[in-house]
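Common to both upcoming complexes is chain A, partnered first by chain B, then by chain C.
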Partner chain A sequence: MKDKKFLIVDILYILGIILPLALAVTLKVLFTPASEGVAIHGAIIFFTIPMPIQDLPITESQVNSWCVLVLIAFLCLFLVHGVKEKCGTKRQLVAEWIVEKVDGLVKDNMGEFFMEFSPFICAILALSAFSSLMTLVGLYPPTSDINVVAGWAILVFFLITHYKLKGGVKHYLKGFTEPIVAFTPINIISEVATPLAMSFRHYGNVLSGTVISALVATALQGLSGLVLGWIPVIGDIPFLQIGIPAVLSVYFDIFSGCLQAFIFAMLTMLYVSGGFPADLYQERMKKKEAKKKK
Partner chain B sequence: MPTLDVISVNIWQIIISLCNLALLYVILRKFLYRPVKKMMTERQKKIDRQYADAEQAQEAANADKRKWEEKLSSADAEKKVILDNAILRAEQVGDGIVSEAERKADMIVEQAKREAEAEKAKAQDEVKTKIVELSSILSEKMLQREINADDHRALIDEFIEEVDEDADGD
Partner chain C sequence: METMETLATALAFVFGMCALGAGIAMIAGIGPGIGEGNAVAKACEAIGRQPESKGAVTSTMIMGCAVAETTGLYALIVAILLIFVAPNVFKNIILSAISTIA
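After this line comes the complex of A and B, so read on.
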């Protein structure tokens, strides 16, 4: 009875993992226009919601991000389903492995104080990697939309500023005038450049992968037509497109996607822990406690 | 189907994406980290408890071992005492038996001597009587004459005493 219940819940979770992907693929198939040759463009707009300042177009990248969110949520539920003290299942091993690895990463790069960051780093890694890996099932990767990555980078920027402000507003503002007052504009630019650089790096890498893959595929098609075009029937099949794009896909879709996720997470950890003035923060805490006692 | 440009910045999309990441943080925290961490702390507790139990058991076993070793060594000492006592007693008993036997042997030898002497005296008496008879018969035959019995008797006694004196003198 218990096993049956367990199995049913398991199946529900697996459905929760598969269904978002299936939905995204269906939408893609339904809304992709007939081939117009090689065209590099942004995400497909499903519909537009009028909003103040700027209309909000609901695009493929939005829908795909939500699909990834649901997928990861169900994946987590599936992994920790039936978790026990005595490790009995492979999925529990995977869940423990993920948590331990990310914990270790955060501990190494940020220190004990930032252990609360572990789920956040895990979220960045998972969202970025899964978004980039969506190309594997032929979907539009949300990470090749600047808006998506910019959102993450701005959240990270808020976090960096928040932890910098823990040393006191005075100290934060004073940081801009160092080493001399004349450097202030440059310092402000470099502060703003952090999220910009992070978002452009990630978005550019994923998008360039798509662009290069498309270019190479087109070039191979042309080459194929040039070499084999004189044979009747067979000449129409682009034989040279077999093989080489797959190698590129392994690099751009799998390797680059995971690498960019890792880089984004690493930069987040380094910027947040690097901007945090630990000594000043402790001094302030001591002062606050002293005040409380008074 | 309209599409976005390759680079098109939209403030609302950025905010949605920001919220997505924040939401995923909450999801991971709640669905992945909380159960796994909870299980890990419980496991740690269990392991600690088992270690403590094992240590306790080890200590108890050590105490038992010490106790038994003490008992064993005391048993050894006891055994030695008992053995010594037994040997001592056996020696005493043996000595008693030997002295008793010696005493008995002496007694037997004494008795035998006494009996031999009595035999000897008896034999002497017998010889004396025989000699008297023999000599009376002999003298009667030799002399062939009648003699007063009393004189006769006195003569023989005299003779025997002479013989005795001769025997004693030898």
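After this line comes the complex of A and C, so read on.
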């Protein structure tokens, strides 16, 4: 009886993983014009909500990223379903492996103090990787829209500033005038450039993959028309398009997508832990404790 | 009739210049190419000298490559803006200018 219940919940979770993808694919099919061949275009705007200052467009990238959120949530539920303290299900091993790897990554790059960051880093990794892998089912990847990635980068920027401020406001402001006062504008620019570079790097990599794939697909269509175009029926089939773009997809969609997710998470860790003044923070904490004791 | 001709020439000039600018912007792709090539060459040397440090060297190299790629990606974004965004913007500017004159 217990097994049956377990199975039913399992099926529900798997449905929760598949349904968002199906929804996104249906929306894409419904909203894409039928005559469109291989083309490079931005996110489709589904509808706009009138707002007082500016209309709020609900685009494909937003909807797809919501789908990714739901997908990841159900994937996590699926992985931890039936977890026991000792030798649970096979998927428990996968879940444990993920947690251990991310914990190790955070420990290596940020140190013991930042251990509570590992869920955040894991979330960024999963979100970014799954968003880029959306191309595998023919969907528009949310990471090739700069607004999505810029949102993450701004969030990371706030985190960096928060941890820099832990050493005191005075120390934070003084950091801008180093090594000499004349460097202040350059330091401010480099501070602003951090989220800009992070978002541009991620977005540019995913977008360039899409553009190059589309260009190659179009070129192959033309080439196959050139080679066998003189035969009446067979000439219409773009036979060179079969298989060859898939090789590019392995690099641009799978390798580059996962690599960019890793790099985004890595840079987050390095910037946050790099900007954190550990010595000053400990001194301040000691002073505070001393004041409390008095 | 004359305005139409000026419009056509102006639009042709703008579109041509946008395409040319995109091409010139992508010259920046040389930099990351050389830089990443250097990085990979040094990583290969390091692995050759100390094969046991392969994992650490590879992950550091990929990280460095990704950062070195940034300048190339800036150029790519400029080129993409020039191809997909700029022509429409300039077209609208020219059309509004002509409508104010006429």
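FYI, the second predicted complex is superposed on the first by the 286 of 294 C-alpha atoms of A that agree within 3 Å, B and C clash if a C-alpha of one lies under 4 Å from a C-alpha of the other, contacts with A are read in each partner's own complex, and residues count from 1 in each chain.
Basically, a contact is a pair of C-beta atoms (placed from the backbone, for glycine too) under 8 Å apart; a residue touches a chain by one contact, two chains touch by 3 or more.
Predicted, not measured: the structure shown is a model, and the values here were computed from it.
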Combined model on chain A: chain C and chain B, fit or clash: fit
Which superposed partner A:Val94 touches (first chain B, second chain C, both, neither): neither
Chain B versus chain C as contact partner of A:Leu155, first or second or both or neither: first
Touching partner for A:Leu77 - first (chain B), second (chain C), both, neither: first
First, second, both or neither for A:Ala197, with chain B first and chain C second: second
First (chain B), second (chain C), both or neither touched by A:Leu259: second
Winner by number of chain A residues touched, once chain B and chain C are compared: B
First (chain B), second (chain C), both or neither touched by A:Leu207: both
Touched partner set for A:Val25, first chain B, second chain C, both or neither: neither
Contacts of A:Val216 with chain B and chain C, given as first, second, both or neither: neither
Superposed arrangement (fit on chain A Cα atoms) - minimum chain B/chain C Cα distance in Å: 7
Chain B and chain C contact sites that coincide on chain A, given as residue numbers: 40, 42, 207
Residues of chain A that touch chain B when the two form their complex: 31-33, 40-45, 51, 53-54, 56-57, 59, 61-62, 65-66, 69, 72-73, 76-77, 79-80, 83-85, 95-96, 98-99, 118-120, 122-124, 126-127, 142, 145-152, 154-155, 207
Touch list for chain B against partner chain A, complex: 1-25, 27-29, 31-33, 35-37, 39-40, 42-43, 46
In the complex, chain C residues that touch chain A: 62-63, 66-67, 69-70, 73-74, 76-77, 80, 84
Residues of chain A defined as touching chain C within the complex: 40, 42, 197, 200-201, 203-205, 207-208, 211, 259-260, 263, 266
